[in-house]
Each structure stands twice: as structure tokens, then as C-alpha cells.
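Next, two complexes with chain A in common: one pairs it with chain B, the other with chain C.
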Partner chain A sequence: MDRSFFTDLLNDELAMNVDDNWDDAALFGPYENEQALLYQYAECLSARAFLKMCNLPFKIEQRPNAEHMSPSGEVPFLKVGRLVVADYLPIVDLVAKKGVKLSDGLTDVEIGELHAHICLLEEVLKNAEMYISWMHEPTLRVVTKRRYGSVYPWPLSSILPSLKGRQVCNKLRSFGWADRTIEQVSNFRHSLNTPSFIFAAAGARRS
Partner chain B sequence: MQSEKIYYRADIIREKSADTPTQLEYVEFQGVRTTKYDALVKEIAELFKSQTLKELVVNCDLAARHLEYVGLFQKVIPIIDIAEANPNSYTVEFKVKEPRQFRLGANVSVANDGEASASCTADKASLFGRGEGLASAYTHGVRGNHMFNIGLTKPFLGWQRYANVGAYVYRGFSSHPWSNFDATDTGVSAELNWRSFGKLQHMIKWNGAWRQLEPEKGAAFAIREHAGHTLKSSIENVVAYDTRNSPNLTTKGMLARLTQEYAGVFGDVGFIRHQLDVQAAAGLPLGLVLSSGLCVNFVKPLRGRTLHLLDRAYLGGPANLRGFGHNAIGPRADDSYMGGMASWAWGVHLYRPLIPAHMLFAHAFAVVGSVHGVKHDASFFDVLRRFGDLPRTSVGVGVAVKIGEVARLELNYAVPIRYSTTDRVVPGFQFGVGVSFL
Partner chain C sequence: MELEVFPSDFGLPALECDSLQFLACTKFCAAPVRVVSKLSPWQSPTGEYPVFRDGEGAVITDFEKFTDYLRHNAQDVVLDGDLTTSEKNELYAFSCMLKNRLYPAQLFALWMDDNNFNTVSNHWFASNLTFPYNMYYVQRRRKAAIAYLRNMHPGKLTTDAEIEFAVTRQALFCINMLATKLGDKKYFYGDKPSSLDALVFGYLAPLLKLPLPSDRLQQHLKSCPNLVRFVESIISIYLPLTDDELSKQRRARDRWDLRRLKAQEAMKRKRIRDQELKTQEANAAKESGEFHLRDTILFGVAAVTLTVLFAVHTGLITITRVDRASEVDSEMASLPAGMDFQNAFSSEYD
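Right, the complex of A and B next:
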């Protein structure tokens, strides 16, 4: 899977930077109230929650161009000193490299399982959220295009959402999501094919 | 009949019969296929007001040059003849060559930064028979970027009118390695050009541009902060006085040009720019040419706006401050140059034509200048007061090659004398190609 490949790549790259101190940490994201889309908002919240749980100090910066500032085009991204890391899982990995882990009490097998579940959940949920944002016509028209274009003056406010829409749709198409109906997508638990209590159990065991 | 006539050069007739009272009977054009009748009437109506033969000769020449200037014809030769009925009556015949139907071209080029591109062009002069010009170009860069521009110009026809309107649509891609970002610029512009007091050139231009800035992998965070899309809508006013014999490498004459740009009517970019360019050149004994140029650029962000990287003033490189890296003077974040809100550069040059004399020149120079970092509350006078802080200076010698009126090529040995530790200094040989040099 490409994510783990990138995570490995990142691990190597980070190896020389781990000794940096945790100073000037800032989490960059879009304007949460006016601009952020469903999945971006969720990722921003989870990154914030994670950093809070780790007890790491950080500033929240909201920028209209956060998506373009990000090295991978994903939000949120974390800036620590001169290091910039985008997306939720790489952020978790970066924090782990600094020696802070929330999963210390788990065995290797459990960590592996947890990781697999997080990946699966993220992929499925995020794609579902992207589908609803960009391929579900009423949502696209009323919510997504307006919010995405809200930070730009006309005519960019209508050009850029269309361009982004095309890009996201191509991506979803390549994952095979394009032919699904909104009912299939919103019934995501079937696509996850996982009993819901596993997550609850994993959470409970940690505490 | 026609073959028995003897034709003389205009200056002979003008001297011999300067004050002969004259009446123009008719004007004839030979070689017209698509040019419109009303356009020709506007252009030559004034000829009928000629009172003497001398006036007629001069006016015919002016008319011919103007017909070429506005693009109605590629070549115009006026022939004055005696009308048969009346001894003091004359007729004028213009032998003309209309511009070609369509001109197509293709070329491959390599820019200063080593970027290769292939382009094709299609031009048409006097598109609808009234001097309208159409120029279009499509360029495909080696990195897969597409660029194009389409321009339509229309002259105002009439006796000695030097005015035109133009409209352009374009998309450009530029790489800014000194700041570690790439930019794509898509826009429309409209301009009005005219002349006043004979030599004073004016231009008013509106430009609406959608710009996208993409930081490179190693870009400083300060560069990243400017990433994404901006919309610039600006009005530009240019006034220029230009008597240079060749804008590319002037050996005689001067240029004074003031450019003012106001952005912020519309769009999300707001600044006011004032730019002054002064150049003068004069001959010295022994075939030497002394030339000097001054360029001052001041950009002030509007209240509450940040000055975008693409709108800033940059300095350095073979085209202005030789001996420094291209646009690599002044404030820097990591290894990305941030530009500034003001810059100035002054150079003194000594040229000596070599062989061939119109093309190859020996060149000695001394240049000085600096860039003033962005301070959002600084006024013009604050900046002016600090202009003298650490002026970057370099001297050197080299050769300059003039490639037609289009480009100049320079190979210099430059020695930077004063510089700041943040500047990228390039002592020794430096090579530069460009269209506008200080």
C-alpha cells in the first residue's frame, strides 16, 4: 500500500531530524468554520485531539491556502522547527519518533492490528467523506463548492472548486468509488466489514 | 505611354520645384486586394491639402511610412506623376505590398535557467483589412507546462496618428529557482497606446491575472506561506520618452520611463508600484561609447495586505548587478530569496565596438544597487532614507554580443566589491542572455 511506503520513506528522512526539540510547533489547517470540508475538518480535529492527548504544546494556525502550503496537498500539516509533515498518520509517526507514544501498553500484535484498523477505517471513511463532498450532487452544490471557493474572489471562487472537483473525482474513480450510489457509500459499515466493538475494545484495553 | 516616362528621386524634384503651386487630382493604390477603402481614405485624405509640390513630396513620404507603421502594408512606394489635363495638377500612385496571408513559425529555445521549450506561432497582419494584427503563440515546456498567448491589436487610422488598442489572453509558466518556487500565470489584459508631444509615449493597461504559486520541495516555509492561488487586477500607466537608436544596446540617445501600477480594484492582491528607468548613452573619442542606466523600483502593499512574492522587487544577476546570482540579493529565508519592497540599481558602462562593429562590443562596467526588505508600514521616504545602506557593488570587463534588436548576450568577468553575507556572490566569469539590461 502506498501509505506504508511513504511512511517508511518518511521514517528514513526523519531519522536525522528526530533530535530537534519540540519548539514552535504549529498545526496548519484551513479556516475551520468557513472553509474546511467534511474530511479536512475531521482530520484537523483528530490531529488536534492526538497532540492534546500527547500533551505536546502547539499553536493552531488557520490559513486560506493551507492546502497549497502543505507539501503533500493534504491538511492539516504540522510544522516543528523547520520540519513540515502533512497528514494524520505521518504526524503520529513523527510524534512517535520524538518518543511519545499512546500505544505503549499494547503488545506488538495489538499495535499491528490497531494500525491496520486505523488504516482501513481511514481509507474507507475518508473516501466516503470525499465521495459525499465531491460526488453527491446536492452536497457538492450547496456545501462543498461554496466552502471551497469561499476564500477566493470571483471568478476563482467558481473555477477552483471545479478543478479540485475533477481531481478528486478522478482519484475516487481510480479507487473504484465512482459507480457507487450514495446509499452504498453512507452504509459504510458494510464496506468496512468489521464488527464495531473491535474499536471500542481496543480503546478500552488501552485505558 | 507609360514606358516613355522618366522617374526621378523625390529629393531632386523637391529641390527644383519646391514652391510650385500644386493641386492633387487623385490618389491611386496598386496592389490592394483585401485592404478596406475607408481605411485608405483615412490615411491619405490629408495629402489633398498639400499646397506646394514640396509639401506633397514630404506628405507622400509621411503617408507611406505611416501606412507601413500601422501594418496596413508591408512595403509602400509613392510615385508622383503629372496629371495630363492641368500643368499644376499631380497624381499620386502608391505601389503597395500587402502583408502575407498568414505567417507560421516554429522554434525551439533554451532559457537562461536551462529550461528548454518548443513553440509554434501564427501571425497575421491587417486581419480584416484595417491594420488589425493577430499574433498567437503556443509553447510546450520540457517539464510539461503549456503556455500560450493570443493578442489582437488595432491601430487608430488617420493622418499621423500613432495610437492603438490591444487585447491579450495568455498563460505563462515561470520558474523562480532563486526563491524555490514555480508560478503559472493565466490572464487577460487590454491596453491603449498613444503618443503626445511627438516623442512622449503613453500606455494605459488593465491586467487581470490568475496566478498560482507552487513551492518546490526545498522551499523555505516563508515561501510556502505564499503558495496557492491569487487574483491580481491592476491598472498600469506608463509614460516614456525614448530616443535610443537601439533599445538592445544603446550607443546614442536616452530613455526615461515611469511605470506606475495600482493593484487592488478587484481581486485579492493590493499594492502600488512605481518604477523609474533612465538610460543614456553618448559617443566618446576613439569609438568608445559611454552609457549609464538607473532603475528604481518601489512597491508598497495596500493597507492590510501582504506583499506577494510575485509582486516584489528583485535584484541581481547578469542583466543588472553582474557578479551576483540571478535575483539573489537581499533578504533570504533558508536558501530562498524573498525579494523586497524596493530596489535600485545604477550602472556605468564603457563599450568599444569590435569586429563586426554593429554586433560585438568590448565592455567594462561598474554597477551598484540594493534591495530593501518588505516592511509593511514603511513609507517611500523611510525606504529612500535607507537606500544607501550597504550598496552592493561590482566591477568587471567582458564582451557583449548584440543579436539583432531582440536579445543581448554577455560574457563578463565580474568582481563583487561590496556585498552582504546573505547575497549569492558569483565572482569570476558570468554568462547572461536577455532582452533588457541595465
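Right, the complex of A and C next:
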């Protein structure tokens, strides 16, 4: 099992090296102004910013069903040639494998710190955004359900948000976020209020 | 002030990650806390250890709250007191990374991986807790762990193998990063241990010490000498075991190693069997060329029959039954009138 695990790992690492050209790349996401939720919007924005910083040409495709088109159910996802990669970190990985790295000048220790900050954002900010979107009752009623259901016709527009809501709530519950209050959740700002940290976080997003 | 944890075993001062982290923190800042080994987690508000009781009614089970409490209650050594603000922020980021990468890995290793669960976690809790409660406790922990792991990427990771791959991979990278971050230093931030050291120690020590049969992470961890040295030095400096515990655990160690060996052999056998099964299946698929033809024919026949039956049933094809007798009658009727039938027949038979 061990050998096959490491061959799998290696294959996975090398899988995207097959072709080196970067042609008709497209970044798929939901309608940003009408449909995307807080955290989806953030992910789309950071992926877009990252690709721009790498000077890679790509076009933005906004689809109402982007979430269901994505191989992992996460938005945004990037399509390059025949490759489809979803989620922010895998996109950064893919770009790195194509030979473009923004973190080239960093030492190993700095790369570790950078990953730590990315994890911080995922663990704290993303979960907080999910909490606010799906577990804070007024936001859920007024914003999330409307935005999420806005692209579907009538019966679906009320069924799909409930299904998605249940999934997200399950996730937050098993992560121990469910019994927090909105004040506790919005308290994460205390860890983000030093300028040096914001700078580091911005750098991390930049990867 | 009391800290309740599961008792020491396997050369660890306490059994689980969180308990080890709490213990390490109290020792780092030399807090006068009495450590109590207990086997009755139902008395804790969360149903889990560790539980910290300060004797004035405050009960703490959360790591961050616990470190806050230690900082604010005038210990001789203030935890993380020497760190600069940016170092504190970095520490917070690293603690998130540990939670994000190593916590799922240890959950998987102890509770979801069938071999490890049967050999170590299930056996340990089953033999240490009292009878009817132990079954409930173990199953509850396992269920919670599996729910956590499945909910990490809903929709994306569906099978256990996929979850294992993703979780182990993240953990391997995380361990590598920690190894580079630690380098040759004694602790992560200078000469004094911080709360990050307690966290890392808590996550790594069980992975290193438990006799786990699926030992991929353990092997990898053992190949990072600075992390091994880090864990060992924290145990020997801050959380040394008593001689009694050591000799008892050494005796038990052989039994556990035997269990591990057996489980590993069973795993090997199962792997070989699976491989054989797979090759057999592949061979069977290769040989079954002629069966394909037979299957096709059978399928064709069945399909045609069903189609015809359906067509007949819905009236697309109608079958009208024509009687021999009535046919003869009509033939007779069509004969020219006035002809003598008797004669006609008799003349034929003559």
C-alpha cells in the first residue's frame, strides 16, 4: 500500500506537466454581481487577481450553474486546454507546474509561513463567511437564499438553497462552529488588526 | 487547580492530542496545576478530556481559552510573553495550519483507518473504560471523526481511499514545513517553548508513539530527526514519566507490538489477496471474449422478443386468427351457384 500511495502521489504531482502550453484558459465562476455568495466571491476575486499577477491571459466565464460544473463543487474553476482544476490552491499549484511562480524568491521557511497564513484565511475567514452566509438567520433569509436561488426557476429556487444550506450547516457543525454566536464569529477581527499581519495575509493570498 | 486527562500510556504523558497540548502548556509556564488521570469522561461538560477546573467554578476545555487563562493568572512564566506581535500573529497562523492539516490526519489515523482503529484506539478504550459505556464512547468518537472528515470537502471526496489520500498528503506537506521551520533550533521561537510548541508536540507525539499498524505518517515523521528530537526532549524535560509508569508501559509494550505485527501481517495478506483477486478479474475479463458474443445474442433475442410482445400488446401489430373451417366454407360459398357438390367431390375421389 505504501508504494502505491507514493506512486499515486508522484503521479498526481506530475499529472499536470503533460502539456506546457497555456491556451484558451477560462476561469469559470457564478454570476458575481447577482449570485455569488460572500466566500465564493472572495475566491473568484483572489483567483482572478492571482492570474493577473502572473500575467497569464484568461477569459472570465460566468455561468449560473458553475458550482455544478466544477469537478469538486467549489468555485471558481480553471479550464486550460483539457485540464479542469477547481479551488484556489490547486489553481496556484497548476500555475506553478506550468512554470510560473510568484513565490520563487522565498526560502522554504517563508513558504511554510505563507502556507500557514493561507490556512489561517481558510480556517478562520472562510468559515466565518460561511457561518454568516448560512447560519446567521437574517443574512440567510434576506441575502443568501435570495442570491443562491436567484438563477433557478420557482420550485428549485427554494429547494436548492435549503439543500445547500443543510450541507454547509453540517460542515460547520462538525467543525464546531455551530454553537458560536455571531459576536464570537465576528470577533476574528482581533487577530487581523495589526498592519504587518494584513500585509502578510495579502502576500499569502498572492502566494 | 486541576487538569483531568486520560492516563499515561505508550510512553506518552497522556493519551490524546488535546490533553498533551494542555499538559505541555501548564508545564511550560510552570503553573501549579495538579494533573489527574481519570477514566470517566462523562463527567466533563463536553464528554471529552482534557478538562481544566480552577477550583472556583471555572471549567475550561478549549485550548485558546486555556492559554488565555494561564497568561492572565499571574504565573511565574508568562506563556508566549517574550514574543513580538508579528511572531504572535505568525503563531496564530501556524496554529490554524496545524488545525487544518494535522488535526484531520490524526483523526483519520486514530478513528477512521480500520486497522488502526481496531488495533489501537478501540482496544485501548474498550479495555480501559467500564463496560457498557466504553462501547458508546468509542462509537461516538468514531462517528464524530468520520463526520468531520467527510464534511471537509463535501461532494469532492466521497470514498474512504480518497479521503485518506487527501488527508495524508496534506499532513506530509505540513510535517515537512514544520521540519524546515524548526530547523536546528530547540523550540520554534528561540530557546523558550511557546504555545506553538505545545500544539505541535500534541499533534506529533501520538503519531510518533502509538503502535499504529498503518504507519505511513509515522515512518515519515521518523525520517525528520529534528521533529523526533523535539518531541522526545519535551517529554523528557517537561513531562517525564515516573519509573512505575515506565516499567508498566514497557511490559505492555511487547503486547502492543505483537498486536501491531499481527495487524500488519493481516493487512499484507489482505493486500496480496486483493491483488490476486484483481488479476483474476482482469484475466477473466480477457478470457470472456466469447461470452461477450453469447451475451450479445441473448440480449438481442430478449430485446426482439420484448419489442414484439410490446407491439402486440399495444396493438401495433394485430394477429387475426383465421379458421381452417371457415376458410373452407368461404371457398365453398365462392363456388358458382347450381353446381352439385356431391358430384363434384365424388368425381374427384373416383
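Heads up, the rule we're going with is that the second predicted complex is superposed on the first by the 172 of 207 C-alpha atoms of A that agree within 3 Å, B and C clash if a C-alpha of one lies under 4 Å from a C-alpha of the other, contacts with A are read in each partner's own complex, and residues count from 1 in each chain.
Heads up, the rule we're going with is that a contact is a pair of C-beta atoms (placed from the backbone, for glycine too) under 8 Å apart; a residue touches a chain by one contact, two chains touch by 3 or more.
Just so you know, these numbers come straight off a predicted model, no measurement behind them.
S.K.: For the overlaid complexes, name the partner, chain B or chain C, with more touching residues on chain A.
M.R.: Of chain B and chain C, C contacts more residues of chain A.
S.K.: Which partner does A:S174 contact after superposing on A: first (chain B), second (chain C), both, neither?
M.R.: second
S.K.: In the overlay, answer first, second, both or neither for which of chain B and chain C A:S158 touches.
M.R.: So A:S158 meets neither chain B nor chain C here.
S.K.: Would you sort A:K79 into first (chain B), second (chain C), both or neither based on which partner it touches?
M.R.: first
S.K.: Is A:L120 touching the first partner chain B, the second partner chain C, both, or neither of them?
M.R.: second
S.K.: Have a look at where A:N65 lands relative to chain B and chain C in the superposition and call it first, second, both or neither.
M.R.: First partner only, chain B.
S.K.: In the overlay, answer first, second, both or neither for which of chain B and chain C A:D108 touches.
M.R.: In the superposition, A:D108 contacts chain C only.
S.K.: For chain A, which residues belong to both interfaces, chain B and chain C?
M.R.: 71
S.K.: Quick check on the complex: what are the chain A residues that touch chain C?
M.R.: Interface residues on the chain A side: 1-2, 5, 8-9, 12, 71-74, 108-109, 111-113, 115-117, 119-120, 122-124, 167, 170-171, 174-175, 191, 194, 196-197, 200.
S.K.: Which residues of chain B touch chain A once you look at their complex with the stated criterion?
M.R.: It is residues 210, 213-215, 217, 221, 224-229, 231, 266-268, 334 of chain B that touch chain A.
S.K.: Quick one: which bits of chain C touch chain A in the complex? Just the residue numbers, please.
M.R.: Result: residues 85-86, 89-90, 92-94, 96-97, 99-101, 144, 147-148, 151-156, 165, 168-169, 172-173, 177-178, 180-181, 183, 214, 216, 219, 267, 271 of chain C touch chain A.
S.K.: Which residues, counting only chain A, touch chain B once they are in their complex?
M.R.: Touching chain B from chain A are residues 63-65, 67-69, 71, 79, 82, 84, 152-153, 156, 159-160.
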